[in-house]
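Worksheet: one structure, shown below.
Here the chain labels run A, B, C, D and E in written order, and each chain numbers its own residues starting at 1.
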């Protein structure tokens, strides 16, 4: 079943798209937004030791210029709001890399009252990197994988976002614009 | 195209200064093509108008600069026209980014124009020096004046003026220490803040074109033009390399310090040079 | 064929009619005005080529011991100026027809007609007396328009009035001296006599010449008399500002060209510095200083009309510099720039008036983003500032280029550098105006209320755009008719349509424009062939990821316009601290005190002694001189 | 001056406080809700200029919040922690803004996380949390694990394909 | 006409049309960490700053109450990402104070070494950022590459590059590996030689001097009364260091100077960090020299059942940014009752901005933040 879908997708990719995807994969620009503590491993990856620029990957100042949104670690609720806004400001095609365990299931903060647990419920993630924190090599591997996915035309997170827009919006609203307490009766006692 | 190649090579040079490998030399082409093939977000048609006007103005400017003594038509490289045609490019860019409605962009433009006020003056002084010597405001003739070996190049004859010009051109190319216009950590890359997709792609081509004709002017002024297109390009690349090397070890001035610096050091150098020339 | 005198009388009559009967019918009076100006343009076109056409009146009078017969003489210089006055007034009348509908504008037609009559007098008269009468009428009539009967504007219009009074008094004094010296008041004969006098005994001609020069410089707003210009522009009705800026400032230039320049370049040629008469050299520098100072002042200006007024002052500075150079190229460049400036500055002020018409504001901090609602006005303004900054394909570039060439040809290198400064500075403040008025975020009020001006008001803008671009591509269309004018200043090069010859190079405007258009086509091709675009609203903007609403940030608070060049203005703060404005303010303060003291002397009975002392002192001093 | 001497001297001046020397350079002072400001003012003026932080402890069984003012003296190299108990029913206390300007931030934080009111503090707006509808989170009766389950763990990713 | 000579806040109050807002962070290249100021601007200068904190709030203090004592050890380094060891040391120090434990001498020395190494990594990153904020990326690239050498040492020692979880109550987790000590000696020599290069490209750069001079001046009095600690305090001329004044680990057995600067501006702060590099190198060398033999920790039994007796204690350490303090309240259970964290950047980041930013040019904000070493996670927690 899955193979079939993949087969179909490969066939549908025209020659023009193939060429464009080649250029896209050779020039991936990251958004310079440190959402969480994972951002501390990004400078080493960019700087002299690992030198990300070899692959045409570089940091960009604003969402308008960026291709990849690297969610570096946990997202608190306030951050989530900014992340969504930033993600929606990026032009297509855009990709998201979930960085670290916190983006997968909350990681070490799974019981925190202010950190979301599953990033994929709010914005579509193309690739997750596991670990806390992931080593620079892991970041490089993830980018390599993303490049391959772009070339194969599989990294279509932005399509998923458009198709399931209502679902994503509902999830986002649940967190950001909730009315009333989750513990109903506790409210009256203390306030 | 040559400009894009220059930027690509320049990125490698910067990387080497920073002890890195750096991107492949054709990276800039890949970036531009990717950007052109990408969805772009715009706010108003003035943005489009501005982008096109900017690139159009700069291309028109480039056409007027003689390359190895060759020009599409016989205008002789009129230097005032070149300066003012370039200005329409900058006006287009400034207008386009202003129409995006982001205050970071006009902040950057405000700095860029202040800097322009700074560097135009020493540059004008340099031009006047050469115009007074050749009696012509044509770049071709200024270049032609220097034929006949290395020793007749203006860089040898007027070293002080060359240093001043180098500083001025550094400001013209908006390389550090004069990159207040972009200044990512201050105003989030300034004018580029709202440009994405093909707007940025056009912006990169503009930058390449600008670098191309600015280096070409320098080569015509100081390196005797060039016998053929290859030597000419090689000299251009030399000029650009100097700029890039300075760029990679310099932090950014504050804008008023930058303007003050340009109005003191290069201007003083030129005046000394003029005194030497005229008193001799 | 109707004579010049009849045209003047017609204007005066029309002014009286509108003043007496049509004060309430604004539209009708503007139609009359328009008809009159169209007619005058027609008459003037017929007069073209009929040089030295002379008409005189059947009356003579005695001034002192001089017998005068007033008359009008058609000289190229006067013809060109009056043609532009009439043509610009004609264009402006369309604009004013639309503008006059807005409730807060008053009927300025009678005064304006008086100005037209006076300016025709000034441009064509052959004797100094009518010149003075015209000059004074100009001052009075424009003062009425600027003040507009409003107490609020009293102070600003008083400064204008003061300066035109001083200018007039200097003029009268100079003419008096001329009259005493040569026993005649004919302008053209006195010019020749002055040249001879200056050659023989320079110091005798000098005071008269200086007074005349100062009088004309005041009129053209040169440093340090520039302060009336922004004030007058600010308080004048929005649709009169194009006229002040385009024409009024040029009266001084006309005076200089008419009388001072020939005398200076011919009479004082012997006393030269850097290959140029000392007298002219000083005033050339004054011109450049004027433009540099006006440029710096304009950086931090927040009022659109004042900013453009500074721009006019700066341009007047270039023209003064160019004409005082005295070379054929310099005068040609200066004249061309004067006419070009008439066109583009009038157009710019019209667009500002259009903005005022829709928003009622001239404070640029309260505007922004109007281009999205008024695209035609924006395009006109854009082309206008391209011309005003002297950027390539527009008409301002050609004349500026000629001035550069003239400066370089005379080897005035420092002046060239200073002019570069002023010219680049012009780009700075003009872009700031463009951004603050038309670009950036649109205010919430304007988003709801503002729309494009009616078609009637767009007509002069369209014509202006065509003129600016056309004369930029083919400056020959203006330079060729100017041949007879240029001949009077000693130039005899025949002009081609699109190639301008300079002293150190030539300029082919057609080719450069074609190449520019080609460049734009290439850029547009790249743009439109690449991927699709996606439009978003203005506030969907890079905000570091923040939601502006959460921080109460509205479009009003997301528009950067105040303090646009704050760092660079701070660099010039040492100069601005000691600004001329303050000096004038102090002077007026001291005058007030002295006036009060004198008043005291004659009203207070206890001070008779002082008065007597003062009188005695006056008598002693008087006796010494007798 | 040693920390013990300081404590003794303070005790002499304010007989109603209880002091405890925890270690050589660290002492604690316990004082009641009404009069703590006097003690703080005295300490502030006698070289304890550095307010390291203010933090609260929720003693749910004693039905009391305990506010701790963590002071340091640069002159004597000694640390004193002033403890103030306030009733849990009516958690209100006077602000220390007059003594330490930067107490503002700490008070804002404590107000947000414990719900303690600071009389006289002009700005107690939320600083850290977004759209918070529950009881203040740092209170002991707030169960963060349960909250996280209810808020973030609902549903699978069935909608996204 | 010209408001050049009027005060900025005065203009802002007089005419609201002249004010516009710029969002400085969280998604801003000049901002390190997820944090933001919304600044009201007049021209190119700031009239007023509004703080947007809490973007990194994870409820640490709450989570710690629900965790075992040893579980928290993996949590606390994440409070400050660039300088994690002071957290561990302070947390363990507080527990040891409650329990009345005296850890082995060798453990004390090893703690000192890791703390100093951590300080060095943090300073390298902070100074690199100063380079980055002025556009001198070369400095950033070189310093971060050098920082990686220290991270490799950490990895060798603890298994983690960033989060080490190495200090535990009762000592450190494991002994030094073979050859580690010699390698560290070599690394210290390397850094000493590197300092000259840093001097050339950063500390003695005339443009850097021009940029840093006079930015964000703090006087000694202000620093004391506003709760500003660490290098920022020492840059104002106060000769104070928790390592000397309130010794922990093995600092009382080592000899070192406290460098100070006078001016209290950004330049002084940067120069102070430069001086601290030397101090750190000398401390590490001394500690390596004096490193005694023996156990590295006290065995405390099964961590799942580990209990701390009833009591409370405050332990503070001098981190690269200032005073890091942990106040721990224990009721004798297997979980802490309350852990309160004192982050060093809090007074600077959330309070000082209201004093310093008004009147400052937008150019200097990033520099001001970087030289104050404002670290968002430690006040958001």
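We take it that a contact is a pair of C-beta atoms (placed from the backbone, for glycine too) under 8 Å apart; a residue touches a chain by one contact, two chains touch by 3 or more.
Note that the structure is a prediction, hence the values are computed from the model and not measured.
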Message = So if I look at the partners of chain D and the partners of chain E, which chains show up in both lists?
response = A
Key: Steps needed, at fewest, to go from chain A to chain C via touching chains   = 1
Message = Relative to chain C, which chain's C-alpha centre is the most remote?
response = D
Key: Chain whose Cα centroid lies nearest the overall Cα centroid   = B
Mean-CA-position distance for chain C and chain B (Å) = 36
Inquiry  = As a quick test, compute the distance in whole Å between the mean CA positions of chain C and chain D.
reply    = 70
Note = Distance between the CA centroids of chain A and chain E (whole Å) is 29
Ask   = Between chain B and chain D, what is the gap in Å from one C-alpha centre to the other?
value = 59
Remark   = Two or more other chains are touched by the chain B residues 18-20, 37-41, 103-104, 107, 110, 184, 188-189, 193-194, 197, 254-255
Inquiry  = Quick check on chain E: which residues sit in contact with 2+ other chains?
reply    = 20-21, 26-29, 31, 41, 44, 54, 57, 59, 62-63, 66, 141-142, 145, 361
Inquiry  = Where in chain A do residues touch at least two different other chains?
reply    = 33, 47-48, 61-64, 78, 81-82, 86, 89, 91, 111-115
Listing of all chain pairs that touch each other, if any do = A-B, A-C, A-D, A-E, B-C, B-E, C-E, D-E
Key: Residues on chain A engaged by chain D in the complex (per definition of touch)   = 77-78, 81, 106, 110-118, 120-121, 124, 160, 163-164, 167-168, 171, 174-183, 186-187, 189-191
Parts of chain A lying in touch with chain C, wherever the complex brings them together = 33, 62-64, 81-83, 85-86, 89, 91
Note = chain B contacts chain E in the complex at 17-20, 103-104, 107, 110, 176-177, 179-180, 183-189, 248-255, 257
Request  = Would you mind writing out the residues of chain B in touch with chain C in their complex?
outcome  = 36-44, 46, 48, 51-60, 63-64, 72-73, 75-76, 78, 80-81, 84-85, 87-88, 91, 94-95, 98-104, 106-107, 109-111, 113-114, 116-117, 120-121, 124-125, 128, 131-132, 135-138, 188, 193-194, 197-198, 201-202, 205, 254-256, 259-260, 274
Residues of chain A defined as touching chain E within the complex = 31-37, 39-41, 43-44, 47-49, 59, 61-63, 74, 76, 78-79, 82, 86, 108-109, 111-115, 132-133, 135
